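Note that the chains take the letters A, B, C and D in the order they are written out, and that residue 1 is the start of every chain.
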Amino acid sequence: MRERLAAAIGLCLLVAAPFVLEAMDEAFLLSVLTRMLAYALAAAALDLVLGYGGMVSFGHGAFLGTGAYVAGVLLHHRSDGSALVAWPVRIGGTAEALIAWPAAALVSGLLAAAIGAISLRTRGVHFIMITLAFAQMVFFLVLALPQYGGTDGLMVPGRNVLAGASLEGDAPLYWVALALLVAFLAFGRSTMAARFGLALRGARMNERRALALGVPVYRLRLAAFTLSGAVAGLAGAVLANQSSFVSPDLLSWQRSGELMVMVILGGQGTLFGPVLGAIALLAAEEELAAITEHWMLILGPALLLVVLFFRGGLWPLIAGKRGDG
Amino acid sequence: MTATLFAEQTLNGLQFGVMLFLMAAGLTLIFGIMDVINLAHGSLYMAGAFVGGTVTARTGSFLLGVVAGAAAGALIALLLELTVIRRLYRRDHLDQVLATYALILTFNEGVKVIWGPAPIFLAAPEMLSGTVEILPGVPYPAYRLAVICAGVAAALFLGWLIGRTRTGMLIRAGTTHRETVQALGVDVGVLFALVFAIGGALAGLAGVMAGPVLAVQVGMGEQILILAFVVIVVGGLGSVKGAMAGALLVGLADTWARAFLPVLLRGLLPPSSADQVAANLGSVAVYLLMAVVLAVRPQGLFPRHA
Amino acid sequence: MAEAVLEARGLTRRFGALAANEDVSLAIAPGECHAVIGPNGAGKSTLVAMLAGEQRPDAGSVLLAGEDVTALGAARRARRGIARSFQVTQLCRDLSVRENVMLAVQAAEGRHWGFFRPAHSDAALTVTADASLAAAGLDARASSPAALLSHGEQRQLELAIALSQAPRVLLLDEPAAGLGAAETAALASRLAALKGRLAMLLVEHDMDTVFALADRITVLAGGRVIATGRPGEIRADRAVREAYLGDVVDA
Amino acid sequence: MTIARRRLLGTAAALPVAGLAAPAIAQSGPLKIGMITTLSGPGAALGNDIRDGFNLVVKNAGGRLGGVPVEVVVADDALRPENGRAIAERMVRRERIGVLTGIVFSNVMLAAAPVILPSATYVSANAGPSQLAGEQCNANYFNVAWQNDNLHEAVGQYVTQKGLQKAFLVAPNYPAGRDALTGFKRFFKGEVVSETYTRLDQLDYAAELAAIRSAAPDAVYIFLPGGLGINFIKQYAAAGLRARTPLFGPGFSFDQDVLPAVGDDALGCFNSSQWALDLPLPANRQFVDTFEAEYRRLPSLYASQGYDAALLIGSAIAATRGRVGDRAAFAAALKRADFQSVRGSFKFGNNNHPIQTIYMREVVKDGQGRVVNRTIATAFEAHQDAYAAQCKLPA
């Protein structure tokens, strides 16, 4: 009950934000919030596999970054009129979000399916490390792409349009990001309470039991991993629009680590927690960086204390209920 | 390509592998015995290099620098074990990854505060700065031969320590039969702190030894850390033998891919795309190796039996 | 004898030089309670693990209703009707008691791909699960996390889960482990009620329970089958008495 | 001089409060100049030098630039494009800062440019990517350092001048690496025996060094930024190649942030730069002396770039009497480049990138036993980058 109330209040705050900030002549903070929401979406997606599924993926940056690149590359080709694929059929770029964003989710999802298919054969630390290794592979391959900027990244000309409507400006993209996040949270919570979630969570708690019951553990996990990768890709597409820029930095292992930090900071196995974790971490980074050049010297120990002494994360403190994981 | 060049490149690969082993040995020791995954191992490596560099500069003795670097690694490791790692033994790997990730951020900034943002100086001693002709017409850096010796010595030391000594017996027993060991009157906490310090000393040693070959700078730990993880995962987590095998394999795969792929692919593809493909494959060769090994043997080459 | 529900043919499993099972064969007829006994280290748990598909035999095969299932893993065999309980209780500890059983029902149905309807309002799961909990006498604890049950309750839940899978054959690995006398008797009477309806393989140390329930008994020692027969025959078997039973009976 | 730290938003809950507490526009006080630069991670030394060089000018002038009191607002981008962009957005949109500088790395620059350039003026204190020199050049973007290709071109030119026939090229496997080698080849007339592309996280160069020995070239050219270069130079010397084949590189691989760490291993290497420690110009002498006195270390080329950026901005502030909001006038003042650059003659081309001299330097030991650069030749005079023609801005 208290958790629902907390979630409802959070939603109200996020809905009110554009109006409040507008009134205070701080509309640009909306752009900051949009970035937080995009990361929140990616962190919540990670929570699905990490918190509920018990799969500690150290490579989700690869899915986030891939989604960002798909959206960015499509816009890039659209703006200079060149072909994305010239043969056997010519495929050009597009600015339409209804095409580009599902494409981003699809490509990231397929990548996650491929990486998951191999990685899920392993357990524990091996899983952590193999997902990291695959993400590094994707990272270096993207770095080497000559036509899309390599380490320099890719400037994204303009933004997507949504069913023909412009997303320029702070508010439209904010609303879209918020809608996507809310939709995913609703879907995720419902899924985790449904049969799929029951089996996935059961397999996390006791894989041997689940197998003895005949639960197709591998397939369920692969499905969850793929879904999670796809949603992280979608978050990447939002991020590409927010920053008008995509960079290989999104695919780096530090970004993957940061997504994990967001999940844990907020509280794993809650889906709402990672949203809070994403907002808190990004806000802390900006705030601390403004105070001192040596901000990492504050952020590092602070994170350490959270891991050591606040295992449940922030959300349970508010919602009064521990997460599933 | 001549046979000499092939032999030289193979030696290069093995040499790089041994360098990786120095780093991976401590990591796999700590994982194998304490079941702790320590991302901050790279920070110990960095600390070893910085302290070793500073001591070498002050005293003019590289040997003292090596000793100081290893000691610094051990000391910091001990401090970490007592304050942080100790609380992580009964936690899952996720908590260990995150806590030690936080340590990386802290250490990187801490080193910057103490030593400044610029890389620092650390060179091989005069007597090792020349070259030795190992094959006809192939001068080889003497210092790299010293690195190989250090790596082999570390491997032998670990083998002896774990396989032949009472401490080693207790260490091995401590992982699986904690209660039995405690009943023998041995303090497992002290034992684990000791292991962590040994791991730290190895990391510090690796740091100083790498100093004359690599840049001693903030962030130097992470680059090699990821490679070291590839090494121990390929070799089989927790196995020193596996770490050696993994290190040599990764060293060879990396070096061979860079040395020979362009030549091989030029026979198959037009030159420009051959170079591009070869360079891309070379970039990911070690990760590819790891993916293949784990796909075939999910526990690595030398799995540790529980 | 009717065709065996579950049959082991020449199962062999080695760990290094040690043979945990050596050429073990046995067959469980429909409705039969087939007990496997033997001293510690005789290879009973390894046999169960191979029958359930958790371990692969080095040689030999496993047949389920005449079909070779040796190549199938644990999950696939479970879907074909092999259920098991564990010597050391295996529960989803943070799921509620009811959810543990619901998961078993869901697995028996084979439908895991529901994304929208909450499992708790899915009558296909809850009706069967609740009935099963009531039969096990656990209905009062239905919403408590499994981890909070007493040991005896956990053993009951373990059995309730296995029965909710609607299996063709049930592998019971020391179901009475750690239970008191009263609890063991209750368990025995539950199992007795299943006899004739469900084929069971019973690994058990408690000889009273074994001789009370078993239609046939296979004796393992050192990984080999040293005798198979009706309880009376086993009691009279000289080899068995020497190798194993003697200690118990005389004691 | 004061360097104020920016007030940023607090946690999400504190959002409205933070907004009320900090007024959106600074109504009075000193003129703010935004400096986004890299102060943490492996690239921190570069940003540190740019900042110190810039601050030195402000300090020497008693907290003023062009006679106007200024406040340099510094923020660390941690070499993350996203952070750089977020900081830029904050500085431009919230604090309404009109002049920004300081970004070290082109990936951060390209991420921040779309936010900065529509409403503020940017003076780059480090090398500029080809995009911003060519088609995407901008009337409000000025580069007071050099265009990425300049230093590579200079070495290509010099190696050709010296009559060296066979060159072996090494760069990381990414577009900037390929661009660098393309820049070298643009002016190199001899034979390229190999273009070797290495990993971007490469530690060990033994394989490449063996290939170099076997190819026996007349010159080796490397483009290996940051720690990669240090790794390579150390290993090149240890392999005994330094005595056989001269090693060439761009100036930043052999400058004062790197040389103390590499030491004698760099002696005898040749490199190109638009600036040098020993340039006998009064402006340069003053810069080097005051920098060393202030920070107790020798300045690097990054420091010289930060210093020049401050001088350039100061000249435009003086010309417009501090009215940086009049962007056209401010840009026009910048374009005149009416300042005494520490590198000697300096002017802007049509694309707001430098037309300048590029020197060749050799790494030597100075009188005090320090490893430094000595200027040995001039590779180009009044050199302009190859992308200027693609820029539509008027000259």
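Convention: contacts are C-beta pairs under 8 Å (C-beta built on N, C-alpha and C of every residue); 3 or more make two chains touch, one makes a residue touch a chain.
Everything numeric in this text was worked out from a predicted model, so none of it was measured.
Chemist: If we define chain centres by averaging CA atoms, which chain lands farthest from subunit C? Would you check?
Modeler: Result for max centroid distance from subunit C is chain D.
Chemist: Distance from the CA centroid of subunit A to that of subunit D, rounded to the nearest Å?
Modeler: Result: the chain centres lie 34 Å from each other.
Chemist: When the centre of a chain is set as the mean of its C-alpha atoms, what distance in Å lies between subunit A and subunit C?
Modeler: 44
Chemist: With centres defined as the mean C-alpha position, give me the subunit A-subunit B separation in Å.
Modeler: Taking the average C-alpha coordinate of subunit A and of subunit B, the gap between them is 32 Å.
Chemist: Which residues of subunit D are in contact with two or more other chains?
Modeler: 39-40, 173, 199-201
Chemist: Could you pull out the residues of subunit A that touch at least 2 other chains?
Modeler: Those would be 140, 143-144, 146, 294-296.
Chemist: Identify all positions of subunit C at which a residue touches two or more other chains, and write them in rising order.
Modeler: none
Chemist: Mind giving me all the chain pairs that touch?
Modeler: Every touching chain pair, ordered by label, is A-B, A-C, A-D, B-D.
Chemist: Give every residue of subunit D touching subunit A within the complex, in rising order.
Modeler: 5-12, 15-16, 19-20, 24, 39-40, 74-76, 78, 80-83, 85-87, 89-90, 93-94, 106-107, 110-111, 113-115, 129, 131, 136, 173-176, 178, 199-201
Chemist: Where on subunit D does subunit B make contact in their complex?
Modeler: Subunit D reaches subunit B through residues 39-42, 44-45, 47-48, 173, 195-201, 203-204, 206-208, 210-211, 213-214, 226-228, 230-231, 234-235, 238-240, 257-258, 260-265.
Chemist: What residues on subunit B touch subunit D, complex-wise?
Modeler: By the definition above, subunit B touches subunit D via 2, 5, 8-9, 12-13, 15-16, 19, 108-109, 112, 116-121, 123-124, 129-131, 138-141, 143-144, 212-220, 223-224, 226-227, 254-255, 258-259, 262, 275, 279-280, 282-283.
Chemist: Which of the residues in subunit A come into contact with subunit D in the complex?
Modeler: Those residues of subunit A that touch subunit D are 13, 17, 20-21, 24-26, 28-29, 31-32, 35-36, 140, 143-146, 149-153, 155, 239, 243-245, 247-250, 276, 279-280, 283-287, 289-296.
Chemist: Help me check something: in the complex, which residues belonging to subunit A touch subunit C?
Modeler: Touch residues, subunit A against subunit C: 187, 190-191, 193-199, 201-202, 205-206, 208-217, 220, 324.
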